[in-house]
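Following this message is one structure expressed as structure tokens.
By letter and in written order, the chains are A, B, C, D, E and F; residue numbering begins at 1 in each of them.
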Amino acid sequence: MTEKIGQCARRVAAIGTEVIAVSPDMGPASIESHYDEALSVPGILDEIRKGEAAGIDAYVIACFGDPGLYAAREAARGPVIGIAEAAMHAASLIGGSFSVVTTLERTCGIAWHLAERYGMQRFCRKVRACELNVLELERPGSDAYRIILAECRQAMEQDRVDSIVLGCAGMSDLCKAIAEELGIAVIDGVTVALKLAESLVQLGLKTGKRGDLAFPLAKPYTGPLEKFSWDRAPGLP
Amino acid sequence: MTEKIGQCARRVAAIGTEVIAVSPDMGPASIESHYDEALSVPGILDEIRKGEAAGIDAYVIACFGDPGLYAAREAARGPVIGIAEAAMHAASLIGGSFSVVTTLERTCGIAWHLAERYGMQRFCRKVRACELNVLELERPGSDAYRIILAECRQAMEQDRVDSIVLGCAGMSDLCKAIAEELGIAVIDGVTVALKLAESLVQLGLKTGKRGDLAFPLAKPYTGPLEKFSWDRAPGLP
Amino acid sequence: MTEKIGQCARRVAAIGTEVIAVSPDMGPASIESHYDEALSVPGILDEIRKGEAAGIDAYVIACFGDPGLYAAREAARGPVIGIAEAAMHAASLIGGSFSVVTTLERTCGIAWHLAERYGMQRFCRKVRACELNVLELERPGSDAYRIILAECRQAMEQDRVDSIVLGCAGMSDLCKAIAEELGIAVIDGVTVALKLAESLVQLGLKTGKRGDLAFPLAKPYTGPLEKFSWDRAPGLP
Amino acid sequence: MTEKIGQCARRVAAIGTEVIAVSPDMGPASIESHYDEALSVPGILDEIRKGEAAGIDAYVIACFGDPGLYAAREAARGPVIGIAEAAMHAASLIGGSFSVVTTLERTCGIAWHLAERYGMQRFCRKVRACELNVLELERPGSDAYRIILAECRQAMEQDRVDSIVLGCAGMSDLCKAIAEELGIAVIDGVTVALKLAESLVQLGLKTGKRGDLAFPLAKPYTGPLEKFSWDRAPGLP
Amino acid sequence: MTEKIGQCARRVAAIGTEVIAVSPDMGPASIESHYDEALSVPGILDEIRKGEAAGIDAYVIACFGDPGLYAAREAARGPVIGIAEAAMHAASLIGGSFSVVTTLERTCGIAWHLAERYGMQRFCRKVRACELNVLELERPGSDAYRIILAECRQAMEQDRVDSIVLGCAGMSDLCKAIAEELGIAVIDGVTVALKLAESLVQLGLKTGKRGDLAFPLAKPYTGPLEKFSWDRAPGLP
Amino acid sequence: MTEKIGQCARRVAAIGTEVIAVSPDMGPASIESHYDEALSVPGILDEIRKGEAAGIDAYVIACFGDPGLYAAREAARGPVIGIAEAAMHAASLIGGSFSVVTTLERTCGIAWHLAERYGMQRFCRKVRACELNVLELERPGSDAYRIILAECRQAMEQDRVDSIVLGCAGMSDLCKAIAEELGIAVIDGVTVALKLAESLVQLGLKTGKRGDLAFPLAKPYTGPLEKFSWDRAPGLP
């Protein structure tokens, strides 16, 4: 899935943008609950840590729950964009309303909460679940495409929306086919987030470091999380 | 001012993007009230009309009141982005809060209303006026830069924000200097809107035509507005 | 339609109130989109301009989108009332909820936005469209009454509302018949707006001129809109 | 105070409107808390009961807390208008914002809650207390006018509002003088409520009886409240 | 019903907590409208008055409309908890959403308004009525249990909620049976309110007396409400 | 600090309640940012995991950011209460408004977000920072008490609130002294959360497992987080 996501992103990247798709080396095999999300965050922050050392300009968190978004913004100098955030913003620019089509019903509340957090709740008409597990999206021979397409069609017909937001990074590669089949804008957050990150970098707009998103304070961490210790002086990443 | 805005946009445009800066040939000399805004819209829609005939991919409305945004979206196939909309969205991606620094107190309510409309009110801490007329921004020898800089400094220090949004297209060229002077992200909507428009075009995301933003219905217009008559079949611009 | 609206208003006007019903001499034949709305505004402002010269006490904008309401308030000394605004306010005084029955689905978003703008969203349970064109309301032999009545009945039965707001000035003359047929309060904004305008005039309450709704600033307008130039000193209409 | 309120109302009543000002014969001497408000309601409902028997067309509750508004609407056939409700509605029609100037700080929360309930919170910038007891407004030689005027002036200058709402029926007679002194719209709810009630009556708009505001169910009441027993069949007042 | 409510409360009371269940000696036989609610308040305040004289530590208002809650808080030193308030708070602690199952449709608006007032609207998915009169809950041989159970089942299945809030104190004794039958958390406000009141007492948290909920001001009351006169100095109950 | 928190909780625990205060063996030394918060969650979930194995009835997360609250609720059968959540709920029961006094300015946004999430934003008037590091609260000879007391006094005097919520578990032991010094209710979330958890346990109200908070799905975790693998069948913890 990581490779697939990387390809989707590279396909729309500007000349000169290098896309590095990584999967953290700690955490859950897929993210389908608050529990999974919470435990995916250390791995994400570890990648940010490595990225900062390597001088990365910007980051995209390619999971529709945008896990660890604000923690990542604290740790990074440049922009960090979540794909739910990106997709919802784009949807609000091209129409008056969108619906989200995601994997499991149990994560719909997370999507609504993100919509509220980003100010996008007023554009979000419905969050729909396909009751598909994330990894089912990767299984060869899976019926996932047909099921997702059907749910998108319902969103289009019943919710009267201007666009559909795909609620899982693993659906990125289906975006174009669904859009063509249904004749409605279908938004994959991975590609939008890539373009937003690129745009902010070009405009010189970095994560604000004067307030809530300042670099973490220097302090020790214990146990298996010791490597996250932030031992540099505050403000000097 | 039109030329200045065009230059700011071109400076950040991607390779292959052609920026055409136009000023409508009807309407007010500057936009500083609901009245001015309302009367600037026919001119904007006229440019959209010409643009559609010329096959333009996307539009930026370069006035911080985003006048005629939804009417323009109805008339256009591709994306139409307002600069207030663009700047506020960008601010919400790089920090938890922003303040707007605009020209006249009387337009602050308009900015707040836009923030609400776009879902950005929760990020907007204050809308501040410099009590500068728009055209004063263009007057050689004007004290505008100093006054705007002072207001931005107050926003930074008193409102505890992560970024400052410049509330007038005519301030675009001051953006970089203020950011450098103050050490805070300063956001000019013109450049952000250009990048958002470019991004949406590249992603193939066009204005939704199934609902509120469908093409206008065919009907005659009378008097000096006759040329706006929409005589093509609905759905076929 | 203008004459019909005038008659409805006159029927409820107080002794001493003179109702002048006018249709602007520029703009669309009917208003059914953001585009139509935006282009109806110059004509409305032209009437305000003439009205101010003639010493008119108050204005009613008799289109359910309340086009140009704030611009008109800037240009006028006395009150300016929109019919959507008036109808929604009245509905909130006689019950806990209302539904709007309007013409085209594509304008429902406009009605919702007005409800939000006026603080009336909390009382508005649904905006329902009849999929009738505005001018169909005027066509002899049209089936409009039956279709509107059916939609109102659905609003009454399904939305459990205390009243129904008619979402088009062209429905004014149907108000009484529907109310009698259904036994529910049916609100026509034209008559309510007339009474609100009369009331404000009698109470000496004029549009506030100290803030957002102050008279427009003096400045030239170009092209076919030249006559809108506001060349008097600010504050002196 | 009752007589004074009656006079203010009569001064703006239409020809043919008979204004009957009554003070309930049970309850507190003045209303300055939730406790007072709650205990003023039986007296108000008693007047409604008498009024319904007498065939009264509409009611105004002349206390800025609008005590018992919804209970009164249940008991009455015609409209019932609260003066806070009326004043706030009027303020929202003539400007973008208002402040309330009321008696005691402890009642400010009540005013805010009403503003929310009526959808008027978005227009209300501040609720200001003069720390005057209600009955002080009636005391000959009291300094009330000067104190209220000073607070209104502060509202005008600091809150940048378009109008001031007087937050006590006992201030009705000061309305004109303050408005003239300050040159800003000052709104007394008593007169506005009278005009709204008159307007609704003329338009044939009565309190909705199909839902939340249907007549109370028939049932016995015990103790000193026995006379409130509602023994008529529901729907037949 | 009073005795039943008392028993439910006693069953969960801590050792040392004495529960005194009282029914006011004035007011309606049941509470099913704004009118009933308003007229139940004097009786409630009378009990608070007696309770304060007797040194009661805390109060629970055992009617789902939480009638007179703020007036009671003014009159009492210790905490006063409404059962709707308590139940909704508890529901928000154990899940993301709840639905209310109450008696009559006409009171649903009251429940929604309380949810808003307490900040619990965001957790409340639906307010459902059984169209049962309150006293029907007490009638031997009544079908009430079956009807309420059926509505709770619908709430569980259709609203996808984590818990169900029973919307009437008279349903307290059904709580356990419904929970066991359906396998979902069913919340009775009486028992939760009792525990909240006990907890606040133990923590020494009393009703704030510095602002909106300060003791009523000393003043006379007239007529049958004379005994409510508050003749003690403010702040000295 | 863990021991201190445990003592505060034990002091108010009911007879029969056993309080076990633990500090996770992985994570940051203190929690003062999104980054710290995110990295404190694995340790918290590890304790929940151990607690579930040991048959713990309920959990309190004793950090004012309520880190990992929803993930913990998924992993636990019984209630899980955050101390910010608990304190804010209690404050809303005893008054109309509260202010939070917390440690660092940079965490104020987190507190506001929690207030919104819990529906408590409407009661929260201000979040105030003392600019004290969390560990400074523990340093012998620190000036922390004096600084916190001063900020609480400002909250009381300037914000006109009914209570003050202490915004850090490390302030628990100061609660009583500040309340006595200032004569206002001061709320420590640790003790309130303990009482809420106890109450829910006694009432048999457990975390809803039918929706968003169902047990995590079975799946492997990699790297240092391997022990979090959830290998039991869904629904069977």
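As a working rule, a residue touches a chain if its C-beta (ideal position, glycine included) is under 8 Å from a C-beta of that chain, and two chains touch if they have at least 3 such contacts.
This one's a predicted model, so the numbers in the text were calculated from it and none came from an experiment.
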Looking at B-C, D-E or C-D, which one is a repeat of the A-B interface (more than half the contact pairs shared)? C-D
From chain B, which chain is the farthest off, judged by mean CA positions? E
Based on mean C-alpha positions, I'd like to know which chain lies farthest from chain C. F
Over half shared or under half: which fits the residue numbers at the contact of copies chain D and chain E, same or different? same
What whole-Å value do you get for the distance between chain C and chain F if each is reduced to the mean of its CA atoms? 52
With chain centres defined as C-alpha means, what is the inter-centre distance between chain C and chain E in Å? 44
Quick one: report the Å distance separating chain E from chain F, using the average Cα coordinate of each chain. 27
Set of chain D residues in contact with two or more other chains: 96-97, 105, 109, 160, 211-213
Sort out for me which residues of chain E touch chain F in the complex. 12, 14-15, 79, 81, 85, 89-90, 92-97, 118-123, 156, 160-163, 179, 184-185, 187, 191-192, 195-196, 198-200, 202-208, 210-213
Chain E partner, complex, touching residues on chain D are 24-30, 32-39, 41-43, 45, 68, 70-71, 73-75, 105-110, 113, 116-117, 133, 211-214, 216-217, 219-225, 228, 230
